[in-house]
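Presented sequentially are two complexes of subunit A, the first with subunit B as partner and the second with subunit C.
Now for the complex of A and B:
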């Protein structure tokens, strides 16, 4: 089946079995290896991408289902300005807070966190951390103990609000 | 190897026609059940993809306060729906505990009903709320009380050419209490050891309505008919809670498996139902 989709803003087309996993289309056919495979069964979140803006596990999406749809991977998070890449708030915050160690979970965390920062009101209140933990419960990290990841998402949400407050 | 067939119908009518034209193809929605086993199994002959099919999506109020949920509505929409929060709060509570964000963004109510696992979290809720399943086929549309839908271990009343269209939850009496409890190994993303949902209503100190749906204590989601009979007509308080727990011991024969043991399951379900009865016995808190 010829599957035409938009990946990180660019039109792409692949000729694949519609039952092939989106994860394999991204990593093998499109050579976008930022998206990782941890468990291959929806448990770990290492393969998280945005499908039409919603956070999903790419290991549980059939290629045929992506025809005509938009996919954003970790490679598509950073923006461009003045000829250089500008990290997404969550990428900058993960770096600043030390929210990554071995890095296998990091692309999925970054994509999921980008959705959280875009879609969920994460304040600076005491409930914010609990909220972030609930929303990131589908992203398993065996290294960091999550503390610094949660710090990073809360900080990214703050950076976003500050950015929006300024003209 | 021949390629998997694929069709994405644009309407319920097209989906029904596609199913009739390809009897050996499967219906695919959010894929969170079907793709998990994909690497271990031969690929399906073909799929009828109903993910995001507009006529199957959405939550709306229908005739006199009932709530109709399209089969392809993802859990995330159930979690955030003000209508579900007001009318079927225990469905929102169950949805919020299904997997985590990524599973809730893709998994659908129709898929949970379609898989009909004894650990499908929404299924005891559909029993407690007396839901109806709407099915479409070339023969037309029929409505099946959800109580009659699961017929055995992952077998259902769905005919080979039928499509699940929607789940309808009738308006509950305003005085009814809805209760839900899932017991698993961790707070998020865990398959249940047991789950229980109940709708209980008290008038003048006696229970006048009781529906209890249980999961993971039988080969399919079940109503606790014995416990319900022990509750209806009985006065509020400890004695009725104990009677319900005793009735559960008589009617349930849970199994031991990788997730839990039979004695643990029985004791936990008894304790949860006892608490439901006690909670409904106390005057409702203004929440």
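Now for the complex of A and C:
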């Protein structure tokens, strides 16, 4: 099956078995290896990508479902300015807060967190932290105990709001 | 106006040196490596726990074109030995024909094919024939030794520690002097490391040399194992660590097995081969924390002082010896806990069963023996009617006291400091009874725990390893740290850059920490045992200082005496070419250990920690919510407070998971829940906000005072959490894990206790 899709803003086309996992299309056919496989059954979230702006596990999405749709992977999060890469707010915050350790879950968490800070206002109170935990509960990290990741997402949300000129 | 000295890089929350690559997805783990022409491997495994391999049949109806099959016969044919060398050589890389199958999922044959799908398909057409024998599936059966798996008694290793008595009769006399004796039996379950990157390795051969790259903690372990397996010398094999997605001990010894397999496949296929486990295979076949049963007696004087401690520790080692003696050693060395006690007897045995070998997991035996003594101390406090934290403060080892092995504690003893930190952080107890959001009755409880963990290898282990590290000024003028200590997420590369930078007056980003590869770095010893920062970091510090001294001397000879390293490094490099300083471990003075009697200084120094946990239990569903978890850890010196905090918190949650939520189930010797759906670990939603208190009681022989921290956060929080459950419900739970079903099964008992209180 010929599948045309937009990946990180660029039009791509692959000719694959419609049942091929989106994860394999990204990693093997398009050589975008930032998206990781941790379990292959939708439990760990290491393969989280955005499909038309919403987080999905790329190991549970078939290539045939992606025709005409937009996929964002971790490689598509950073922007570019003055000829250099500019980290997305969540990437910068994960770095600054110590939210990445071994790093294998980090791409999935960064992608999901980018959706969180876009999708809803996250404050800095206890309720906001609980909300971040709920929204990221599909992404497993075994290194951090999650504390510094939650810190990072809250910080990224504040940076996003400041960037948008909110008080 | 005097110029302010720029702050040195040590003690600051420097972002990880590998952080940008990790947050952008640019970091390449082994499965991300583009190896042109590479085939994919798969492993044919045993389906029985114990038996004899009669044959390996290849399906005659299958098309074997483009498939390579490797069996044990290929090893000897190329002049190698069919062993995975570790402490002993009892474990084969592949079960040979006529050889004994020792566990389910043991490797029997290998296949490789151009695609992963084809390799997995071909694997199904390789059919081992095994004559099954009766299997040994628990430690009691192993000790009865009706079926012999190892020696005459199935005991891989036995240790006895005696303090304050000569023999068993004298010990019993001392115990008989106790006013009361608390007895308990404490089984603890296996635990899966569940690093998020499954294990994997790639190999290719070039001019008769084997090049391996993969996910691992200890490149030189793999290197040593490959020399025996491939029948080559040290130059014949090069082992390189790829970016590694977590280890926690799980990538200490098993990578040698995968390396063996992929090296054999690549040799026979004549091309690069990748062997990447999927999650199910990883959980089923690789090592886990040793299941353990501890029988514990705590003898108390009338005033609550400890008169005698008796612990009998039995671990399930699984089918081969692997690292089990060392795990048992660390378990028994911590089994008396950080408490004053004149008379101690610890007996430890690790036995052979037909389970897949159990192995290294953060804590390395200590969590299994910490849980029993911390339940016992809690029971004692309850019996005496005293506050559990105050009781621990009273009994804690202090400078001048001796441990179970007779080691006198003289420096860097953070016991009182961590207990004080917990006392300060504790705050009021939350209301005992409440109602959940769903309307269910909720009972709350609070538990504490106090523990210690030796830093580095036991006894003379560090001298035996004689780890080395190099700091070099390259001909191009760059500063490089070369060591075999791997960064597996714990931040080794960053702290090495900080430590070397501090010694040379450089910002950490000016120091390059070389990716470990056995042809580029010296053997610094394995990345295990809470030793990387303290021991290898200490080597890095010494090597950097030596380099600084040499460059300063050159500068002095060339009219630039007193100039900072950064200003003269380029000129020195241009004049001298590469300047490298390599140093080797030297033990601190006064460290004496007797391996025969298991007495003396077991560790150069201990880390100390205490933990407080508040839980809320839904009395309808028996679900336990950890509402609060505070852990105070004496790390000596936080080289990077952000990284060490993250490391402690990660270990804390692994420990809470082990205590309350994780469980590895075995059925007929096979892991019955080998998937992340069924073998669960804590998620974001299961974890509370973790409170971490860094306590710094410096170790005079560590870099900037730092000592080991990797394992200690794993040792105690499970006990604190289960003590909290006991506090809430008023009945004892003496097992790890305490799952909702564990609590539900004792509903009658705790319901009655609750109505009485």
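By definition in this document, the second predicted complex is superposed on the first by the 165 of 167 C-alpha atoms of A that agree within 3 Å, B and C clash if a C-alpha of one lies under 4 Å from a C-alpha of the other, contacts with A are read in each partner's own complex, and residues count from 1 in each chain.
Definition applied: a residue touches a chain if its C-beta (ideal position, glycine included) is under 8 Å from a C-beta of that chain, and two chains touch if they have at least 3 such contacts.
Fair warning: this is a prediction, and the values are worked out from it, not measured in the lab.
Once the two complexes are overlaid on the shared chain, A:137 sits against subunit B and subunit C alike. Contact with both subunit B and subunit C is seen for A:40 once the two complexes are overlaid on the shared chain. Of the two partner chains placed by the overlay, neither subunit B nor subunit C lies in contact with A:114. Once the two complexes are laid over each other on the shared chain, residue contacts for A:148 go to subunit C alone; subunit B is not touched. Once chain A of one complex is fitted onto chain A of the other, the partner contacts of A:56 are limited to subunit B, with no touch recorded for subunit C. Of the two partner chains, neither subunit B nor subunit C is touched by A:72. Look at A:17: by the touch rule set out above, it reaches subunit B but stays clear of subunit C.
If you count the residues of subunit A touched by subunit B and by subunit C, you find the higher number for C.
Comparing the two interfaces of subunit A, the one with subunit B and the one with subunit C have residues 40-41, 43, 134, 136-139 in common.
Partner subunit C is touched in their complex by these residues of subunit A: 27, 31-41, 43-44, 46, 73-75, 77-78, 85, 87, 91, 94-107, 110, 126, 129, 132-134, 136-150.
Taken in their complex, subunit C has these residues touching subunit A: 13, 15-16, 18-29, 31-32, 34, 193-198, 243-248, 278-279, 488-491, 642-643, 645-654, 675-677, 681, 683-685, 687, 689-690, 692.
In the complex of the two chains, the subunit A residues touching subunit B come out as 1, 17-19, 21, 40-43, 45, 48, 51-52, 54-57, 59-62, 64-65, 67, 112, 115, 134-139. Across the complex, subunit A is touched by residues 3-6, 8, 28, 30-32, 35-36, 38-39, 43-44, 47, 49, 51-52, 74, 76, 99-103, 105-106, 187-189 of subunit B.
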